[in-house]
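There are two complexes below, and they share chain A, which is joined by chain B in the first and by chain C in the second.
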Partner chain A sequence: MTTVQMPEAVKPVLNNGIPAILVTCSAEGVPNTTILSQVYWVDEGHVALSFQFFNKTVRNVRENPYASLCVMDLEGYADWVLQIRYDHSETEGPIFDEMEMQIEAIASASGMSGIFVLRAADIYSVESIRKIDGRPSARV
Partner chain B sequence: MAESTDARSLRLRPASGSPVQVPGVLVPFLERATTAIAGTRDAHGIPHVHRISSWRLSADRRVMTCSVGRSFEPHLVESLQDNGWFTVTIEEIGPHETYQFKGRYLEHGPSDDEDREAHERLTERFTRVVTSHFDMSEDACRAHHEEPSLAVRFEILEIYVQTPGPGAGRRLVPPENVS
Partner chain C sequence: MSPNDRTDPLARKKQEFQLLQDVSARINATLQLEQIYAIALETLADLFGFEHALLFLLDASGEKLVVVASRGYEGHELGGEVPVGTGVPGMVAKKRRFLHMDNVGRQRSYLAAQRRSMVESGRSPEIGASFRVPELDGVQSQIAIPLLANDELIGVVSVESRKPRRFTEDDQVLIAIVANQTASAIRSARLHAELMQTNRELEERVRARTAELETKLQLAEEFLQDANRRVEGPLLGDSPAIVDLRAAIARCAANDDAVLIVGPHGAGKEATARAIHAQSKRARGAFVHVHCPQLTSEDATRLFGSALQPQSDGAAKSKFDLAHGGTLYLEGMEELEIELQVHVGKALQRLDAQRQSGVPFEPDVRVLVGARRDLRVEVQEARFDLELHRRLLRQQIIVPSLRERPEDIPVLAEHFVRRHALELGKDVASIAQPSMRLLQGYRWPGNVRELRHVIERAVVLSRGATLEIDEESLNEGIVFGTYRLVKQIASGGMGEVWLGRHALLARPAAVKLIRTTGIDGQKERELKARFRREAQVTADLRSPHTVQLYDFGISDTGTFYYVMELLSGMDLAAMVRRFGPLPAERVIMLLQQACTSLIEAHERGLVHRDIKPANLFVTALGPNYDFLKVLDFGTVKTTHEDTSEVTLQGAVAGTPAYMAPELVLGKSEIDARADLYSLGCSAYWMLTGQLVFEAENASGMFMHHVNTPPRAPSGVVETPVPRELDELVLRCLAKTREDRPASAAELRECLGRVACAADWTEERARSWWTLHAPDVLSGQATPREDTP
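For the complex of A and B:
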């Protein structure tokens, strides 16, 4: 398992409030695509994703730990695609507490209070990262 | 990275099942939704994400055509040709109404005029909605969905509700009591 270091430029993108996209895959090989309300910067090599419901994503990463994550920097005209690997879950402690507070703020701002409830902070190691420059001039 | 997957614990199978028809009630949703992202997985069980630049439904509502820009082509065709799985989650930003369509790859090819027209309509909807809900510039919104370059046709096998909430993940078609 190889963990890469994320550039500091990714940190504000994780906190910009724009939902992220996560693709996982079951043990049988069926992919699943879902929208996440929060990705949390743990350190240069790890992110935490919010586990709010007992859903397909949670089941998948416990069967097959690999996932592909896309976070968006609309104003920076860029997407970041991270290949990540599920490591462990935390149900208490500073990461959980910080994510719980942010989840409540996001829920409140989007009219979802009472629906978004953090069950765990799922910690992933970052195995690769790719920036996609979305400026029209960069795509020529 | 792919080589590090513990293939012994995976029982990978290709896409299979009977095609279904998208319910008529979802057709207006597909015409008003504002963003979409697709997922595939490769021969090693590694998932890959692909931003969708446009989508459209066949007249019989059984086949969907999704296009991607060049930036999201990596791993796409080789994954589809390996196992056939293609999944796309489509959302209407604002009300958060979201559905996931899972299906079996049929074919791919260069994007055509229909894809480009669908992309233009999507860009208009996305820009209108996002600039009204968030403090985002119109130029940034217009650049968000890349010009389509490659189109993938797939037949729909399953549809799931993914609107946030406890019901997210429920299979809509075929109904969950039907195997």
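For the complex of A and C:
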């Protein structure tokens, strides 16, 4: 699979604070859906997802690296659907630090520091991206 | 167009650059923290259009941030705190990194939903305490920047908005520039504030120290005034004696030469020295007072050594150095060991030579020397350095005793009354006439000092404006056993002799005290042992020609003393010095009496070891004139004991001018013939008025005793000396004791065989005393005019 370049327009949508939907699938073909609070723009071809407490998602991704990610643009009244492929995990470095700092800044003031612990920044390559106008999933 | 107008990037850049220049100029132009905060927040608002901003500073503990300035909050957040590591500003402080969040509200909502879910599912215990971070209500976008100066975290700036807002990388650079300038300015202002605070503290310390020094200066001035008053006291009066003394002081003050100031205890020697200093060109320099008897050998060597070899920079200053430009007063010079006197002589010689050279030198010191005794006697008996004495005699002042200037007593007494009344805050204006007569009639053995003490006591006890003197206070004296000390008669190598009076019998007596001041423990023990021996030995002797011992003991203060019969007369040293050589027949008669005393002592196995004219005292005892008493058995030893037991460790017992060769050589077996040698020396003195040998120091004298044949007395004086007596004296002075008379008894017998032995009659003796010392016959003379 080849990596595609994400358009600039998706950048503000990725980490806009609106939960994104991540769909993974086990080796046996059993799907799983979960919600992510943050999706980070790494570069035009990669995003980073926070690995916090998604045990089933992690297990699926380790068995089957392909996943589907839907982020919502409430202001633009549209969804963006990304086909992504797990690449690697980072437990240090600038991406990890930036993600951890943002999570901790919010969690620390609300007594959630011990729960919202960033274990790793999982880096995915973007294999396709598709905008679906007029269908903001958040309304569902 | 505002800087956050993004429509024209070039114009925006120019405006940003201008703004940064402005902020740099403004923020660096002030050291007021409040102004720096305001400029920083205003700049951020201008650059990015934020209406709300908070400035946090890290507190001293480094564990929390405190809001010190705000914009758009109406001051509500001032003083608010957030721990490092909590909330957006806390995380920025912890990570020391920039943080931008443009979805704070949504992220919080998401977190809140998660939290609610956990609570509903019973997981509340896993949730920690929430913390209210100072921030804008409903904040959506937030950017927080660490304030770093020289890699030191100072605080955090947080700008906030209720609208979503994204920042570009350029924005971040701009924010970093403003933050760095702000941090740098805050750090400078803080350092300035710390410096100001340190400066204030230093100023406070300087003020405190100055006040302390002023207090000390005031005390020093008071001490100086006190010293001046002490100077003033003894020299007051209009008597011829004090007028002469003041004239002598004025003469001595006009030059820089050393001065020998001789006078009895308490008469005003120090006052005289201070007056010379005060009237001299050195008056603005230091007056340094050194009490010689208290000097250890090491002190003295250092003191006088620095006069010969100036101290190098950084070396501890000796009192000689401290007296540079001023005056050094050496009190009690006669008590200094003769070896150290030589150093003083050399120091004076160097000072003279340097003054004559006309070249400035250090230490430039004027030396004044105080002595309580006539140093001529000390020189004659080789206890004082001849060269030093010659040098000191160039300028000598005799301070009169108070008894010699009784007309000054009223003015002195009134002066002391005024002074002590003022000090004690008492209203005492005068002295009652009977009391003044009492003061004028008293003998004042302690001189002006005693007068001052008597007045001090009386002022303390006074109750009215007119001072009354209690007669008892004049006769009180110091109590030793059953005796009171009335006045000092003499002082010598071992101690002092005082006129004492028995408390009940009113019998006068001579009280001898051991001197222990300035003597270390070992020497003190040895001296006391020697003193005790003298007392015990003397008490056991019954010869009428040996001084009688009444009592002895140790006072409450540890002073050893013994009480002897009080003798009215004079010793042979003083007699010959005052009246010249004695006729041969009188010498024979006196020597025979000395032999009588020694016969008993020798028969008991005791050797006196310090026979000399000063220890042969001539008195009038009832109808017997020229009655001789042998004094001072302080160096006595038995013929069985080792010499070291009774002599000071490292010292030679006896008086150098009269010591037998075997004593000089330290031979262990000393017998009665050592006393006969000394008696021969004493006979020589009586017949000729001269010592057997002359030497500049003790060592020279010792050499003569061992090696130099003496001249016959008849060859030294023109007065006739019978040949038999001449030969007898020379026999006594034989270097080998076997060549001397075998005993005091033999010597007495030989003396009796001299042709003129019977020529000195009672009548001649009585006539002599009547003519030369009538006061002795009336019992009013000083019991002992001089002392060994």
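General remarks:
Criterion: the second predicted complex is superposed on the first by the 123 of 140 C-alpha atoms of A that agree within 3 Å, B and C clash if a C-alpha of one lies under 4 Å from a C-alpha of the other, contacts with A are read in each partner's own complex, and residues count from 1 in each chain.
Just so we're on the same page, a residue touches a chain if its C-beta (ideal position, glycine included) is under 8 Å from a C-beta of that chain, and two chains touch if they have at least 3 such contacts.
Predicted, not measured: the structure shown is a model, and the values here were computed from it.
In the superposition on chain A, contact of A:97 is made with chain C only, not with chain B. In the overlay built on the shared chain, the residue A:108 is in contact with chain C alone; chain B does not reach it.
Once chain A of one complex is fitted onto chain A of the other, the partner contacts of A:70 are limited to chain B, with no touch recorded for chain C. Once the two complexes are laid over each other on the shared chain, residue contacts for A:89 go to neither chain B nor chain C.
By the touch criterion defined above, A:12 lies against chain C but remains apart from chain B after alignment on the C-alpha atoms of chain A. In the superposition on chain A, A:3 contacts neither chain B nor chain C.
A count of residues in chain A touched by chain B and by chain C gives the higher number to B. With both structures placed on the common chain, the touch criterion links A:116 to chain B and to chain C. Residue contacts after overlaying the shared chain place A:24 against chain B, while chain C stays out of touching range.
Common to the chain B and chain C contact sets on chain A are residues 37, 110, 112, 115-116.
Those residues of chain C lying in contact with chain A across their complex are 85-88, 90-91, 95, 97, 99, 101, 103-112, 114-115, 118, 126-133, 164, 166. In the complex of the two chains, the chain A residues touching chain B come out as 1-2, 21-25, 27-35, 37, 53, 55-56, 63-64, 66-70, 72, 74-75, 77, 79, 81, 83, 110, 112, 115-116, 127-128, 132, 134-136, 139. On the chain B side of its complex with chain A, the touching residues are 1, 4-5, 9-14, 37-41, 45-49, 51, 69-72, 83, 85-89, 91, 96, 98, 100, 102, 130, 136-137, 140-141, 143-144, 146-147, 162, 164-166, 168-169.
On the chain A side of its complex with chain C, the touching residues are 12, 15-19, 37-38, 97, 101-102, 104-116.
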